[in-house]
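The chains carry the letters A, B, C and D, assigned in the order they are written, with residues numbered from 1 in each.
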Amino acid sequence: MLKNIVSSGSRATREGFGAGLLELGRQNPDVVGLTADLMESLQMHHFQKEFPERFFQCGIAEANMMGIAAGLATAGKIPFTGTFANFSTGRVYDQIRQSIAYSHKNVKICASHAGLTLGEDGATHQILEDIGMMRMLPGMTVINTCDFNQTRAATIAIAAHHGPVYLRFGRPAWPVFTPDNQKFKIGKALHLASGKDVTIFATGHLVWTSIEAAKELAEQGISCEVINIHTIKPLDDEAILDSVSKTRAVVVAEEHQRNGGLGDAIANLLVHQMPVPMEYVGVKDSFGESGKPLDLLDKYGLGKKDVLWAVKDVLDRKK
Amino acid sequence: MLKNIVSSGSRATREGFGAGLLELGRQNPDVVGLTADLMESLQMHHFQKEFPERFFQCGIAEANMMGIAAGLATAGKIPFTGTFANFSTGRVYDQIRQSIAYSHKNVKICASHAGLTLGEDGATHQILEDIGMMRMLPGMTVINTCDFNQTRAATIAIAAHHGPVYLRFGRPAWPVFTPDNQKFKIGKALHLASGKDVTIFATGHLVWTSIEAAKELAEQGISCEVINIHTIKPLDDEAILDSVSKTRAVVVAEEHQRNGGLGDAIANLLVHQMPVPMEYVGVKDSFGESGKPLDLLDKYGLGKKDVLWAVKDVLDRKK
Amino acid sequence: MTDDTIPSSPSLAERRKQCNFYYMADFSKLHELCAQVRRDIVRMVFNVQSGHPGGSLGCAEFFVALYGNVLKHRPKPFKMEGKNQDMFFLSNGHISPVWYSVLARTGYFPVAELNTFRKLNTRLQGHPATHEGLPGVRVASGSLGQGMSAAIGAALAKRLDGDKRWIFCLTGDGELEEGQCWEAIMFAAHHKVDNLIVTVDWNGQQIDGPTDRVMSLGNLPAKWKAFGWDVLVLEQGNNLEAVIAMLRRAKRRTGKGKPVVILMKTEMGYGVDFMQGTHQWHGKAPNQQQFDSAMQQLPVTSLGDY
Amino acid sequence: MTDDTIPSSPSLAERRKQCNFYYMADFSKLHELCAQVRRDIVRMVFNVQSGHPGGSLGCAEFFVALYGNVLKHRPKPFKMEGKNQDMFFLSNGHISPVWYSVLARTGYFPVAELNTFRKLNTRLQGHPATHEGLPGVRVASGSLGQGMSAAIGAALAKRLDGDKRWIFCLTGDGELEEGQCWEAIMFAAHHKVDNLIVTVDWNGQQIDGPTDRVMSLGNLPAKWKAFGWDVLVLEQGNNLEAVIAMLRRAKRRTGKGKPVVILMKTEMGYGVDFMQGTHQWHGKAPNQQQFDSAMQQLPVTSLGDY
């Protein structure tokens, strides 16, 4: 099963967003776009070109953009906001909280350049806390997609879901390995490979990393279940517990702080339902820095080797 | 031991902050205060009256206040910012992140009116995600005090600690039960009562609630260890693991979302080191509402009864 | 004859009534409503010993003028999307008492519900919210500085839809210290959002004192003008006729490529002598004796207390 | 004779040297430094194929004027608290290349370190940071809109300490769309922070296009004036003498109860013909051919490449 998962080339997840948004624009006249002076970084220029009157340039004013999106949603539009993940969350948390989440507004907060793989811009831009922030908000749907195809599909899917959504994706070209005609089901974990020794739950860019690690582990005789948790909230409790009841050892891999993210979300579930040994692959309570995406993942412990070690550590503890 | 913990009356934790800040003002000429149009709510008027030239009224502009604090700290001052917990965190997360945490600034972010016990102002003001946000920030010290005396002591202690601190306290009068001449040790969990069946880790207002619950449980023959986790970051791993290795069942009680707060911080530690059954006493992924503080705690599952149930639930699972 | 003309035309009132729009043509009734709203405010705040009477009292005329006479709105059934209606957004959410009173008394929900203000399980939250489904509220407010942005979004949507009605928004003056307000102000001018009328409750007060002392807004008209708005100054924000006339004038100024702002001078606490002209009553409830004194100053009306 | 006088006095240069303050009296040397800084910028960005050449090139004169001539500063040992020195805060952190080049070439750290820009383990982060201990940087920037606030805080501290030196700050013009800037601008006027000189890089460009199209700043001088600042407009922000003269003039305008702003017109990409006057090079690196062309336009100087 693992062997069948292969990459068909590399494309940025944010391009998947751009493609999905353009399609949506054609399907649904209520879909509108907003950006805060980062139109092309978000790949929203395709939409803007075809639907200029449905696209709102907000300038460098993210707080106002969130409020405007809330107002547009109030009047029945489906606004997609686009800026970097840092400026989509921490910069505007209170605005999202009050005007969008608490007010039940149908706003899609679309966030690119999340995590370390942003690369050279460095720590001020490399948000590693956004999943943590967004998953604390009642009523928020939190999605972190793993490749171009999934991001495109998720973009289209969230328009059909009524309610606020945080859609997180990234900057660099990244292996594409999910089907290009997939249907995206919010809240439904994707079972990528069956195994019996340990379950690796991964999200975003680290899904591919985890697949690669699992392939290597398979050669060493370690059988990993690999599950793509694209939706961090609502969490697919059932899929998680099903898998863990079998493997009884867990590794969680995410491009995020070890505090507050998917790791904590799963730990929260497991200590309540099924306490088992867990290891996290994630940033260890530090800021990032400038560098090339892969070098950064390596330095901060988010590489394939780190997934391998985490699996071995957790298997040691399982004994 | 539990029996000896009695309340000597009620005072608001924020008054402890006001008293501590005034004392600090007298001790240390580098201490300066800032507020964003909430001077008396924060009880900073005592300081302001005595040291008007060292107090900066920022108006309703929290983002700017955080930046100004960073600048004051750069030049060697020890700024204490004061506003509601909501406006101290979510409103200004990116400013804290870049200008304070990432820049290693010696700023003390002091936050009142945290949680449900804010009362009638309702959900827009009742932040239940602030601990979660602040504990994700590298280098941030996160403290949530339990009564007047502890808040006063903590206020004084954080001035002596170099680095950014988030100090969280509340609005209502609340039982005072810790010594009035205490020394506050950042990062050192306070062992309040020894027990063998379960450990209750509590923070903030819910420490008192947990003590009351533990007293009642003692009468029912259930022996609770009660530990006051006033410092959520850095977490006192040793004290926690020591206790859990004995009781092997954990309840965490906090005036916060169950997602992202002290519960998740302890779950994170335990799944890595000592997976055991846990229950959370906290808000279950919902916004608050207007009402009286105790009624709200009751409705949202943060009352004494909820600690009792959580203990019983976890003991069931421990078997 | 358009609805911008003063005095108001009974035929318009009739037409609106037939379509189930709310409209009050009779000025003496509007005055009476103002008086009753003031009683409601003080009673609500006294009742739960919490809330914000000062700003609420100062804005009674504004809300009565807006909901009683200027706004084209259908209280029942309340439609979130407000298509072909005027929409109002309250940014300074702490003055919820005056809004709730006027919403109730123009038919959005039962007047008796005012009695639940700020109590557990109420729809009348301390700060206005949509969470419990209170008719009339479209976006929550309370954390300051956010309402104008939402109003602009709604105005853009109307423009997209070819809907010719107006968006109204009220903000506090202290609230203008929030940077987000200036983001919104800049945006509205740049995008020529000219179906929008913002009113500033220019009472010169905020929590910690007079605005001039806490964080001066300086030359406020000059600020708005420099940001590209059409600026109207209303000196008599507590004069009902003046407020109505100004709101109508503002409507006539729309559609010309500029957003319109009314800088409305009001007196915080207006109508209750000891609350008047001071920041002290921004967010404080009267005690029994103060309550009695206020009730004496605010005469009973034919509308009746809730 | 004060250090505000032009042409600069050799004796002052001497005095400053003796106290280990940096000071460059010779204008031809300052011009040469400008030229070298431009080479540094393009080489740094080309080297890692990332970074922001446009705004950096446009601000070369400003940084050389400031660090070479106007600022009283001691590069070594760098003191975070900057007591009795002038302090500078860069708010638009993306133009780090120009700052790093000037910091290195005025002695804050080895010029060779420019070669590490944006590479793993560097102190020269993509956006300026204190985290790795780079001398010269006091507060991180990159997320826009925050630097003016920090500068004001430092200015307040100097006032408390009776320290008579100045605080300087540079912000982008697009950056002024951030509401926090207007909070800071309002604060500084209200608190009469008159030991502060803010400069705006008024290049009329931002990422998505000309500022006028993306989010117009409208009448920018009127905005600052309405917010209570003493406003100076510099038409020739890429003329070194004009920048120095303006910075000195600004210093003379301080101490009078108002914060001072210089609206400095620059050309984005100045000095490299194909980068000039467009937003396209805000954050793009040249390819080999473009790099060669740029290097031809920016002559080698006696200072030498890093």
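Some points to look at:
As a working rule, contacts are C-beta pairs under 8 Å (C-beta built on N, C-alpha and C of every residue); 3 or more make two chains touch, one makes a residue touch a chain.
Keep in mind that this is a model prediction, so the values were computed, not measured.
Number of steps on the shortest path from chain A to chain B, with steps defined by chain touch: 1.
By count of C-beta pairs in contact, A-C exceeds the other of the chain pairs B-C and A-C. When each chain is reduced to the average of its Cα atoms, D sits farthest from chain C.
Per-chain CA centroids place chain B at a distance of 37 Å from chain C. Chain B and chain D have Cα centroids lying 41 Å from one another.
Chain C and chain D have Cα centroids separated by 45 Å.
Residue positions of chain A touching 2 or more other chains, listed in rising order: 58-59, 61, 63-64, 86-87, 91, 94, 97-98, 102, 123-124, 287. Contact with two or more other chains is made by residues 129, 131, 140-143, 145, 177-180, 183, 186-187, 190, 215 of chain D.
Arrangement of the chains shown, judged by which pairs touch: all-to-all, with no pair of chains left without contact. Interface residues of chain D, counted against chain B in their complex, comprise 80-83, 87, 89, 129-131, 138-143, 145-158, 160-161, 179-180, 183-184, 186-187, 190-191. Chain C meets chain B in the complex at residues 48, 50-51, 93, 118-122, 124-127, 129, 131-132, 140-145, 174-175, 177-179, 206-208, 214-215. Of all the residues in chain A, the ones that touch chain D in their complex are 35, 37-41, 57-61, 63-64, 86-87, 91, 119-125, 287, 289-292, 295-296, 299. Here chain B touches chain A in the complex through residues 86-87, 89-91, 93-94, 97-98, 102, 123-124, 128-129, 132-133, 135-138, 250, 257-260, 263-265, 267-268, 270-272, 275-280, 285-287, going by the rule given at the top.
Chain D makes touch with chain C in their complex at residues 145, 177-183, 186-187, 189-190, 215-219, 222-223, 225-228.
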